[in-house]
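Some structures to go through are shown next.
Look at the two complexes coming up: subunit A is in both, with subunit B in one and subunit C in the other.
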Partner chain A sequence: MTRLLPTSALRTGAALMALTVFASAQQAVTAYTNATILPGGKPAMSNATLVVSGGKVIALGGSALKAPEGAIVIDCKGKTITPGLIDASFQSGTKSEDLNEQSDEVTPHLRVLDSIDPEDPRFQRARNAGVTTVHVMPGTRNVIGGLGCVLKTHGTDPKEMVIKEDASMRIVMGAEPSMSNRAIRGGRVNSMYYRRPTTRMGVIWAVRRAFYDAKEALNKTQGAPGDAPPSPGTQILTQVLQGKVTAVTTARSEQDLRTALRIADEFGYQTIIDEAQDAYMVADELAGKKAVVMLGAPSAEAVAGSARSDGAAPRAGTVAVLAAKGITFVITTGTNTAALPLINEAMFAVRNGLGPQQALDAITIEPAKLLGLSDRIGSLAPGKDADFVIWSQNPLDPAAVAESVLINGQSVSQPR
Partner chain B sequence: MNHSFLRIAIACTAIAIPAISQDLVAIKAKTIHTITGPSITDGVILLQNGRIQKIAKAADVEIPWSATVIDASDKVVMPTYVLAHSSGGMRGANESMQNVPWLSVADAVDPASTYFEGMLRNGVGTIHVLPGNNTLMAGSGMVLRPFGRTVEDMTVADNTGMKLSLMTSNGSRLQKIREMRRAIQSIREYLANYEREKAEFEKEKAAGAIPADKKWEKEIDRKQKAAVELIEKKMKGWLYVPSFAELDEALRMSKELDLNMVLGANLDEAMPLLTKLKRPVVLDATIEYFETDPETRKEEQHCSARMLADAGVPFALSLGSAGPTSYPWWQLGTCMRNGLSRQQALAALTMVPAKMLGLDDQVGSLAVGKLGNIQILSGDPTSATTWVETVVLEGEVVYERKTDPRLQYLFEAAEKAAAPQTPKVDDNKKKDEGQ
Partner chain C sequence: MQILNQNRTTGALLLTTLLAVPTAAQDVLVQASKIIVAYSTEAPNNMVLKDSALLIRNGKIAFVGADIPAEARRAARVIDYGNATISPGFVLAATTLGRDVDLGEGAIAFTPDLLTADAFDPWLEQLDTLAPAGVTSFGLVPSARNVAGGIGAVGKPGLEQGRLIAPEVFVGFSVSRSARNQERQPTSLMGAHQMLRESFTEARDGVKIGPDLAILRQVMSGQRPAFFYADTFAEINAVLDIGASFNFAPIILGGGQSERVIEKLAKRGAGIVLNTLSPMMRRADLELPAKLNKAGIPFCFAGRPDQLRLSAALAVRNGLSRSTASTALTRTPATMLGQQANVGALRTGCGADFVVFQGDFIDLSARHIATWVDGKLAHGASAKQAMKTRNTNLTGGR
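Moving on to the complex of A and B:
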């Protein structure tokens, strides 16, 4: 079967293979040969072979690696294979009204997993564009939104899709949590926006108050027995303070980025910085604190000096600054509703001065490390999940198409 | 003109009036994409007085000594892009009154708008500016080049057509269509009244009721003039058709008027109608979109450019005012991602819009006699990492990336971060090595 297959045949092949895997109870072995493989975290391999069985990668090598006896061979001549892409900040997967809880602005104990809707078409959109794993967090309208989770983008039950629960806890800086809030001045209270806080000061106070409570609770646990246990939210925050749950702080403008670092220092917790459009302005501080950045939608650059509503001015050179300063970062689609497919966000980063290898790493191996899942996903190596994408050409080319997307060795993409 | 004679003539005048030598420009290029002809490797383009005088392999061209040479011998050279429909660069593109055919974009174009410098940065050299999509009968447009201090400086062609739009802002689609019919009908009635009055005047003159030396003096009302030209087919209409739902009516209108259509992205339901389009169309900047089946909730991705290509209708691409669709390479890449050929994609930003504007003898390709509207690119026009290095309009360099203040602003932080922290030490090292 080693011959050049046209795209449709390739798809059929992948589909057949998926069936075979299903039928023969994970016995089948499939070899993808003659491909350019960008394994994630390592340089490109040409004329390479990827061998997959039982939903896992079993071998990866150059032309010297021969397909095992009896394996289904799929010739990928001219194609490029990358690991399945990982979007470390994917603002979907739930219905939009399910992202922001109105009952309180500090809700650390809410789990976004309880809102996940596997039928959300945005999962399908993401996986058709090569994204196989996403990190979903609650929305950005609460000061402390709740717990995020990591999911594969294919499945019918969130329980099957999830690969890491309680992966993060989101804190939001800046104007967004207070953006539309109004103080109650009589009249009927029928809007979620009749609530505090209404300023940046108020937002930060809400964060502080929550962490004061958590600190107090931590001290109390060593105290007298018989004390009422702290509230579920406070319990989560104590875990953040103990480093058991990772804090993700969403901050866009220079001011909010500095505040995010300051508050983390004040209470002594480590935080990932999310969105970070103005990161170029605080690059030295980020580097000094060894902060990890999840850069949101690098395609949203402001050329003519236009600023976003919360005062950030995304600049095309940001990724290059982060790279030059040695700051660890990943590229995400983030909260920008106009964000492009993740691969194209990485493509924009390359246009703006990032090396192609670094850009691909920032959507594969780097987010896998950030989410603590690099032993399973983010790169192609024996023993890892067989999550990968067969691209029509170099994926950083604007004309590139994800021809086949596979999760755990099974084709999950629709023909385009 | 005889070549050697030309050189002598130029040489003589160059001594007398040095400025004239500036009118001769030679561009050396690694690759020349002529668009209409084959591409040339290691070529030279000679421009004289703003027009292309010669375009050939470097070996076949002798560059006159008096020519200003632009060395792009490691770069890609092609014609600047042409946009057949845009509402950029205007202050107030949408009049809130719905029926204002007497307006002209000439009164709204702001030459200082960052839109025009953005277009130059993207290699666009010719833009057809028309009023926005929110107004029913919105006024006449003009073709501009994105360079100049005044609208007059920028003008390539004036009164290029009337903008019409079927976009529904409030109310129903049917209401919008009815308003459009009523607007056209009222112009017809005005014209009929005018013609009747004129005929009565002539009749009375013939009958002797009016002195024989008296002439018909009443002119068409200034407010109605452009609209009358539209229904008399002396002026083109540029009709914005937001979706498949209005396409049927648009096709009916195109039987009565000289219409070019600008199509919104959402066309999949109108697939059978697309083959009825007799002329090239302009596509909105958004050419890729998703549609969800209400029953299965499954999403499908569609591409309007692909649908038109399948229907055999030539199309011109538009550029968005911000975001990815504002980049020509992204628009070209989107077409190619959806299975269109590179040539088809490139034509949609060059020859097709040039033809739609009736300027295909001036712009849209590189050929002898055409305007010297040329962009110099760092690489292939469909690649994400390619930048426009230089734009030449009518033989004059109007944009250079290395002196673009906006790009400097965007990248200065990155350059600073990447620069060596202590350059002085390096200098000393060099000195030491030198000694």
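Moving on to the complex of A and C:
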């Protein structure tokens, strides 16, 4: 008993100390000094200091910026700091069945957020490779799949991770949405999959009909108040037409890319083009329409998975073509199962003719702008979320390792 | 004449014998050295009577222990279980009695206004497995295949046939994998979530609503408990979100990954009906009951009736207190089913549903002597003997 008392007292003391440190970590000021900082959207700074407190960046500067008094100083000599990477088209690990509501081909109101599991190993993998924010969308087996959301890659509750709900509505071109459907050719019709669309034409017909209904609903609401409200799906489509919800059209082959632009024109909504493997073939049209492109896995030589039959022919040089035409684009991992970690996709883009800063911007500040979140994430500046990565060297070097990944100022890296 | 007289005597004798045979209306006094009237999650709060008795009248507990009036005690048929222990019978919170086919309307996934009571067969063979496992009442739940399956009932087994004591009690929902059917809406979890969100919204805000949405309104007003099949993190999280949005505390059926949502479950006042445990399970699963209890989340078990005791024993071996484990087999499920006044305890007014064990039923070595349902012996080797004689010393007698 006499021995037990002091030991337990010591233990309690140690626990208290640990608690105090933990509690103050949120408010403590931490300075990361002597680093090469690539702040996102701006040129690199050498011997720079990043000061973080309360989950936010409070200062960023060159060697002239001194760590505030009382700050925890972490010497980052030889290391490179970048903003946390943003994957604007990220495939979550949720099973395909749960990412696609197959009872209807047009389900604009379904939320991918409802199927998010914070312990999804893909979040963990992305986080370990420096990705701190992802834009997740429903699957690609529906013509209009539903609403995407933007999440930080760390948390225990999807509601805490989400930084933008209903961030986008996905429309899918090509063969995938019609894949599981069958045409009636006699015999017993014993499944809901005997339905339209079964062809590319049918897919576009479904898109057109959905937007036609939405337009009708818009006109009706204006004309006759007191009418029954349109269906939840149609309500989302009307918001797309009004520019309140961003449309993202997943299109890979040349013909699908052209169709995506044409349909958007026809109904007068703006759309981001997702995947866009054949973008180099339609670069002039994309530039002319001022389209924004989320280029899926530009390093991949082919489209793997169920979109293989879309007939897209990806080329490594697409990044350089888009850059030369002045098209706004971001680099994503997208739906291609052959995608590399996001940082390596940027690295390959550099190898294929994109400038290093532009490549890094395409996975940091550009996706932040595209998602409407550049006031919070995508670059390192006072007031922004303290989401950043400490790399062993320049992250575009193939040997670079994300040594430390921080979200809201807290380390989320795992031991290697 | 002589012959006639003789016949008359025989007749009178026969009549006397018939009268001596206890009738249904006669009180029964059940004695034992230990009677647990009700379990509590805190051991000292268990209501335990030593060398006491229960007086059963019309299938219910009429008096307990010292409250039994002397004249009723004298008039009653006495059953003495000697040094055995009498505890409340087990309550199986949710079962389909193996009749999933009849309890999941296949055509559409949203059928909250169907009644499982309509599919109840009192002669079902599965009912015969309940009393031998100590189960004296059960929740008849719709199958997990429909997002809103229907209204569940509460029933009891019997020596020959079972019966329902409350035909319309709780509502059975499901967002588990079996509710997501690739041949009808919804096929996905987000589809199931959306279906619930839209239906509850319409039930809350709609002016003219049908009988199906009226059921959801009863859930929101707390009139009916809501049971949701949900197993994975995303499924449980979806159910808790729906509960929070529409202001009710759900009861999760399954809840395999509930450890990951434990704080949220506690915050939302949700309960869990865990699947019965087995020794082959991962340690984390076996420790789950103790963790849920620590977080203040009410839980019980459902699944194979013959594994209820084993589940309680395994939970105790992995950190749960005996009294909480016993509560999880009796009072907790009774409360979840809203039947705490009728089953799960041996208080005055409750059904005379109890189990008799030689020792504590949490000890797997304790011998199960008998199960009584509605004041009648439903399982036990001495059934015939008990019914025949006025004073019976049964197995386990002093």
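Going forward, the second predicted complex is superposed on the first by the 369 of 416 C-alpha atoms of A that agree within 3 Å, B and C clash if a C-alpha of one lies under 4 Å from a C-alpha of the other, contacts with A are read in each partner's own complex, and residues count from 1 in each chain.
Note that in this section contacts are C-beta pairs under 8 Å (C-beta built on N, C-alpha and C of every residue); 3 or more make two chains touch, one makes a residue touch a chain.
The structure displayed is predicted, hence computed values, not measured ones.
**Student:** Pick one for A:Val401: touches subunit B only (first), subunit C only (second), both, or neither.
**Tutor:** A:Val401 contacts subunit B only, not subunit C.
**Student:** Does subunit B (first) or subunit C (second) touch A:Ala71, or do both, or does neither?
**Tutor:** The answer is neither, since A:Ala71 touches no partner chain.
**Student:** Quick check on the superposed pair: does A:Arg125 touch subunit B, subunit C, both, or neither? Answer first, second, both or neither.
**Tutor:** first
**Student:** More residues of subunit A are touched by which partner: subunit B or subunit C?
**Tutor:** Of the two chains, more subunit A residues are contacted by B.
**Student:** Using the superposition on chain A described above, determine whether A:Met173 touches subunit B (first), subunit C (second), both, or neither.
**Tutor:** After superposing on A, A:Met173 lies clear of both subunit B and subunit C.
**Student:** Identify the partner contact of A:Ala324: answer first if only subunit B is touched, second if only subunit C is, both if each is, neither if none is.
**Tutor:** After superposition on chain A, A:Ala324 lies in contact with subunit B alone.
**Student:** Look at A:Leu99 in the shared chain and tell me whether it touches subunit B only, subunit C only, both, or neither; answer first, second, both or neither.
**Tutor:** Touch partner of A:Leu99: subunit C, not subunit B.
**Student:** Mind working out whether A:Tyr280 is in touch with subunit B, subunit C, both or neither, as first, second, both or neither?
**Tutor:** First partner only, subunit B.
**Student:** With the touch criterion stated at the top, can you tell me which subunit A residues are shared between the subunit B interface and the subunit C interface?
**Tutor:** 119
**Student:** Name, in rising order, each residue of subunit A that touches subunit B in their complex.
**Tutor:** That would be residues 119, 121, 124-125, 128, 280-281, 283, 299-301, 303-306, 315-318, 320-321, 324-325, 338, 340, 344, 347-348, 350-353, 396-401, 416 of subunit A.
**Student:** Flag every residue of subunit C that touches subunit A in the complex, lowest number first.
**Tutor:** Against subunit A, the touching part of subunit C is residues 180, 182-191, 193-194, 198, 232-234, 237-238, 241, 260, 264.
**Student:** Can you tell me which positions in subunit B touch subunit A when the two form their complex?
**Tutor:** Going through subunit B, the ones touching subunit A are 114, 117-118, 121, 290, 292, 297-299, 301, 322-324, 329-330, 332-334, 336-337, 382-385, 406-407, 409-415, 417-418.
**Student:** In the complex formed with subunit C, which residues of subunit A make contact?
**Tutor:** The touching residues are 94, 97-104, 107, 109-112, 114-119, 138, 146, 156-159, 191-192, 232.
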